[in-house]
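Here's the structure, in structure tokens; my notes come after.
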């Protein structure tokens, strides 16, 4: 089977999965007026595989079988593979209006598991990987447990269900219970791949499980966040009316998983390595998919400064330059993370961890400040301007056209203002801001990983030599 | 006539004023389901005048007539008067859920005009001031012209209407045309006071006008921004479902103003002084009304860190401490701006300009970073959590209660998460962020005023003495 | 006995104290060519007591006895007393070329001990306090132990001498051994007051001692740091050639202390409170004495920008404004720390701890950046310019006068350049930079104290009310 | 002639050049006790050419003639050439204790001139380039005019000599007068290459000159800055006692230059392009030579944290991580500037301008903050510790050994403290700080060049597409 089309993808989601939205069941995610926006957004990953101008980047041919498959599933075996993956993620995110598409996260997790697992567990995983790749599936990852009190380990919580855990096993498989949160893309994925959330010790063995189930599996319920939902006038929300990513609280209520889909079973010693291996690939994906967002901020600021007639002001140039420095520094670090990738004994090329995390940290700590600069160039009209119904009204639009033009016609200027407001001010902007701080690990986690991954020998050697200590 | 009640205030708004909202006319701002939230919010300023616990701060007695009037209208004649005004603004903003109430801005402008005007213009203004004070009116200020191309002066614009200007005069009064934007509170005010937006030269004489009209004046139309409008579930939006401020594009289509309400007429030399005098009082109001917002950020971060069980982590303590430093520095500067106030020959006590602007600049440049720290303490659930309809559902709420508790019950934790999301992530949070950058003048304007207002003599004298140059 | 004169002060230092400098003994600190600069600098505190223009601030009259004494010794009993102390410290530091004089630190410690001690220990301390005040003595404080491995408690160190500790006691007194470092002003003080350096537990009882000895006490040796010593041409070093503060490694080699001078003896429970009480007064002194340094930076930047002819450039104005904001924010916080002072049951007025520490933190974290801005305004000539011998040379000076003038004559411009280089670039500048980070406690200590001292009730109350939790 | 030895280099400097130091003439720069340190430092560039382990990087073979020459003179024709140059500069700077050696700057200028000049001027330059390369000369660059009032153009200054200019011409050559400042390395170079300092217009034709002269040319006088001079005990100053760079005020008092050494003559239209072309190569050199300094800061902070026993503290780890992020970001940007290099029609590969300037800007704006972090890890002993004569004294050293050890012996810890103090606190540290701000152009110049060089088309295209404007 080759690369699926967008309509095949859509069709595959009509399987009776249990979705709750705004307090009620949703029968079909592809037809719900709000949720279907996310389906259409993710369909992009299936469109590029058939678009002549993108196939070079999006499609890979298996050298042995001649089979075509999505490049997302191509195991990175060289720094060029990493650069290609970076470009593919950047491409689909740019097409997706600064929002990640759907095949990125799952393939990150499938690579990570291959680098950690061994023996029978690895064989099961490889069978699942081939299943996903051959059938061109969209795989969501459920990793973050709901956790309860953050100051306690999984087994110390009042309620063991606060981390997904094993409650039974048999010859056929295992039964799991608990809930994951922040699980992106589950409502419109074909598989849910479950990973442990953190390093664990022997006491936490029941919580050290990794497995995969289809979303329509009995006992699995997904509660979709209504954040940034609701009717969105396309004039007011030029991006978020067309692009959307869904997050769920994903509840496993005694879900049965057959052994062939269990990849880690009561192995606390693997929980930390799996989590780390995943995040290493996934943070590289993250910095790749942030690049269009940063480009958009730079472009928005430049354009609105032009349209407002203030691009010549010194302080505006200063803000534009700061935005360029920020965006280009993240881009440079992202490329370097790929170029410095190292090929392990297992043949996997991993992005350089220190560089990846420095890139992510630079992005995450600079985002809110960058947003401020863009808002500063744009003006207060970001939060006091007219709405789509005003623009549609034959009574009101002429007033807006007369009074809200500047060095550009009102139509152009308001289009840019609405874009900036959508990306940085309104709830979709807030979504980007929260993701900057929390997605793919916290700022603190990135800092710790930089400290761990950095090879200090050159610096220490130089300091000691200069101090006369060698 | 004494202090009005909230219901008298509400009643006074039913006067046929021309309001447009979402492309259509609104007949009665007090009954419109969305706009009436703003009316109820502003009614707070009329409630405090009758609340025994607040009357000490909110009500002033005229020593000569014994008449009671709103303290907002008390001319500051001492640094204690400024401190009282600061406390009153802080009180009503705290009651108003971090949002300014309604009497602040207008009284700032009325003070400013009294310090700049002279002769007959001052007499007219004083009559208007007494009218507002005696009748306990809510006065909105319309200052920011729509401006067109920011690189050109008013008279250089293609369309002279891009700044409000005089188009005719007669023995009875003048006729004005043009539009102001970012005019806060106009839909639910009793008077609209119009000020020039910037310094002007002789060529711009037609644009150098200040006057007042009631909102229901013929030719005056207000186009209300739908920003942050729409249905707001009170569980999801604990603040913005109850508190709201309206901004309009305010169009003057050949509006007649009788002479007794014209306070500045074709006097370009007064435009700059009026704008500056207004902003000096208004920025002091601004830093006063930001204090509850900053306190709320500190309190939110501390509470959610406790509820998440992470308050003991070093990096969380660091973020909490940074928030305290930020909030307390702005508060200290605000108090100092009052304490350093100087009484002029006209008997008006003005807050210290350098200190006021340093406070405002510190607030404005630190806000986005502070928001990031709060979001960091709270977690990704800010943008992936459940909604009000989920919480209301008997099917969903038990799931949320089970899985979304941490070191506090889910009900408390989600209440705090919703508050943080409302204040910092969703569109109301974006509103606060844009206001931080743009309201009461830009960051650049604050910087320029600091440079102008700072008395460098002590610093220069010391440097020259140490350099041996004196 | 009344206020001493500078020459009486000088004379009092010739007592056979054991001073080492650059590997050799120094017989008389008042005549050593390098060390005597420090004596002359500290003599300032004795000059102001006799200068008519400063006596109002520098001299206090005992209301009961009519005796005059140095205001440094006046116990602060009101916020006005704190403001007076702030002004006195600021005055003498400005006269002292940005460098602290000598009576500040000792009086801080004497106040602190009075607020912590009780019973017989307090009586001994009061006798010592009266002795110092009546005889107008200069009291140095030795607090920071050399510490050894910072990850271990005093009693855990390999060598117990790494913290000053008791080695013997008798009816006459105690014998102590160990060493303190960073002890400022000891070589030219009349008394050395020793305080414990940190909180201690029962195991550390031997280290929990406080006492006072004259510098010439047997067994006491002081090793003066040569940092920033050496010949200093006054043209090149306009400040550091005239002003100097000495730090010593202060070794107690079985020093006998009579009981009447022992203020804390094996009382580990008092070690933390003493250290904290001292730092609370001393950090307030610190922010007071930093004000002239910050003023000097502002003045230097403004003057050199004028002299270079670049004061009109936008980015230079930006830097000047940032410097003003920095200096004025610290000043405002310092004043507020005094104004918010609280009078305890013991009658002592203490500066507000949170505000004091925010001021200190703001100073400490902003200093290096401020230095960068000043250097930016001044130019590379700071580190590539001519020296005093060049300027003195009849061959070279005309070349410098011709070529190194700008918008001011070379003589003036180079005087200002030399001042900036002395304050921010050369070793004296480095001294200020290291003091910014480390003096009166580390940045981290300031942060922790802010967190501890801040009263969060208003912020938490507001957040909980807005979240509907009260 | 092949690569010179260090002693040949030394010998070549004994030519009667006119050097002034501390108000007096210096006869021989190679024997002066202070200035000879700089000669020995620069000799490094001649040592590496004969060191087997460095010849691969330091020596290039001409493919046509088989002649060996210094790699510094290799014209970059590919991104690999740029990377090699970066590594060579980094190598010699690391060997040179964080200080640039001598062949870098001159070769940057020789490349730049080749890319701008044409016709006869280019031929003369090429002859000079071959002369320098063949004879393995050290070429200093004199670019920055003394400038006078920065707000005026060269021809507007009171004294035309404030910029180097032509005063006469003849068939043999031209005569120039004026002075350059900040001219590094002139006292120990073999040639002085003079470039114009800025863009010029027709009025400034007399100032638009570029030429080369040997330092011993009649009329040429060099006034060496005494900054950071003086006796330096090697224990106290482990780097600056061995490594030194000299700057001079370089005066041209009617200096005759023969035509074959005149490369630009009264061509104001070339002044800007030459200055820009030079700075583009030279800023790339700059970011290459800063890498060892940044590595040294990282290594110093890590080592002293270990030695103090505080490496486990959270806030120390945070500072170490910030230092790593800073150093690695600059390194990554530097490498990317080379990798993104573009080969022009002239065959020269130029480092990417936007990336180079972002690297330089990141370095320059982060340096003071990085210094603060290193100082924070090290402790106040940086400015209060013992000196070399103390360490040499048999009386004092035992005291220091006993009391100043921590988690490492005093000898090691003090060696590291002295290194940190030398690099960041004392006058040599101040030299690095001033260079960070001013060398190779100001921070403001870097910002302007980033804005100019950045290709905004991708960002603008994306923003316009998302706004629906394409």
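So that you can tell them apart, the chains are marked A, B, C and D in the order they are listed, and the count of residues begins at 1 in each.
Operating definition for what follows: a contact is a pair of C-beta atoms (placed from the backbone, for glycine too) under 8 Å apart; a residue touches a chain by one contact, two chains touch by 3 or more.
Keep in mind that what you see is a predicted model, and the values were worked out from it rather than measured.
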*What is the graph distance from subunit A to subunit D, where chains are linked when they touch?*
1
*Farthest chain from subunit C, comparing Cα centres?*
A
*How many Å are there between the centre of subunit C and the centre of subunit D, using C-alpha atoms for each centre?*
38
*Measuring from the mean C-alpha position of subunit B to the mean C-alpha position of subunit D, what distance in angstrom results?*
52
*Mean-CA-position distance for subunit C and subunit B (Å)*: 44
*Which residues belonging to subunit C are in contact with no fewer than two other chains?*
315, 318
*Along subunit B, where are the residues that touch subunit C in the complex?*
94, 97-98, 238-239, 292, 295-296, 298-300, 302-303, 317-318, 320-321, 324-325, 327-329, 332-333, 335-336, 339, 354-355, 358, 361-362, 412, 415-416, 418-419, 447-448, 450-451, 454, 456, 458-464, 466-469
*Quick one: which bits of subunit C touch subunit D in the complex? Just the residue numbers, please.*
20, 22-24, 144, 146-152, 159, 161-162, 179, 181-182, 221, 223, 225-230, 236, 247, 249, 251, 308-310, 312-313, 315, 365, 367-369, 371-372, 375-376, 379-387, 389-393, 395-396, 399-400, 402-407, 421, 424-427, 429-431, 433-435, 437-439, 442-444
*Mind listing the subunit C positions that touch subunit A in their complex?*
314-315, 318
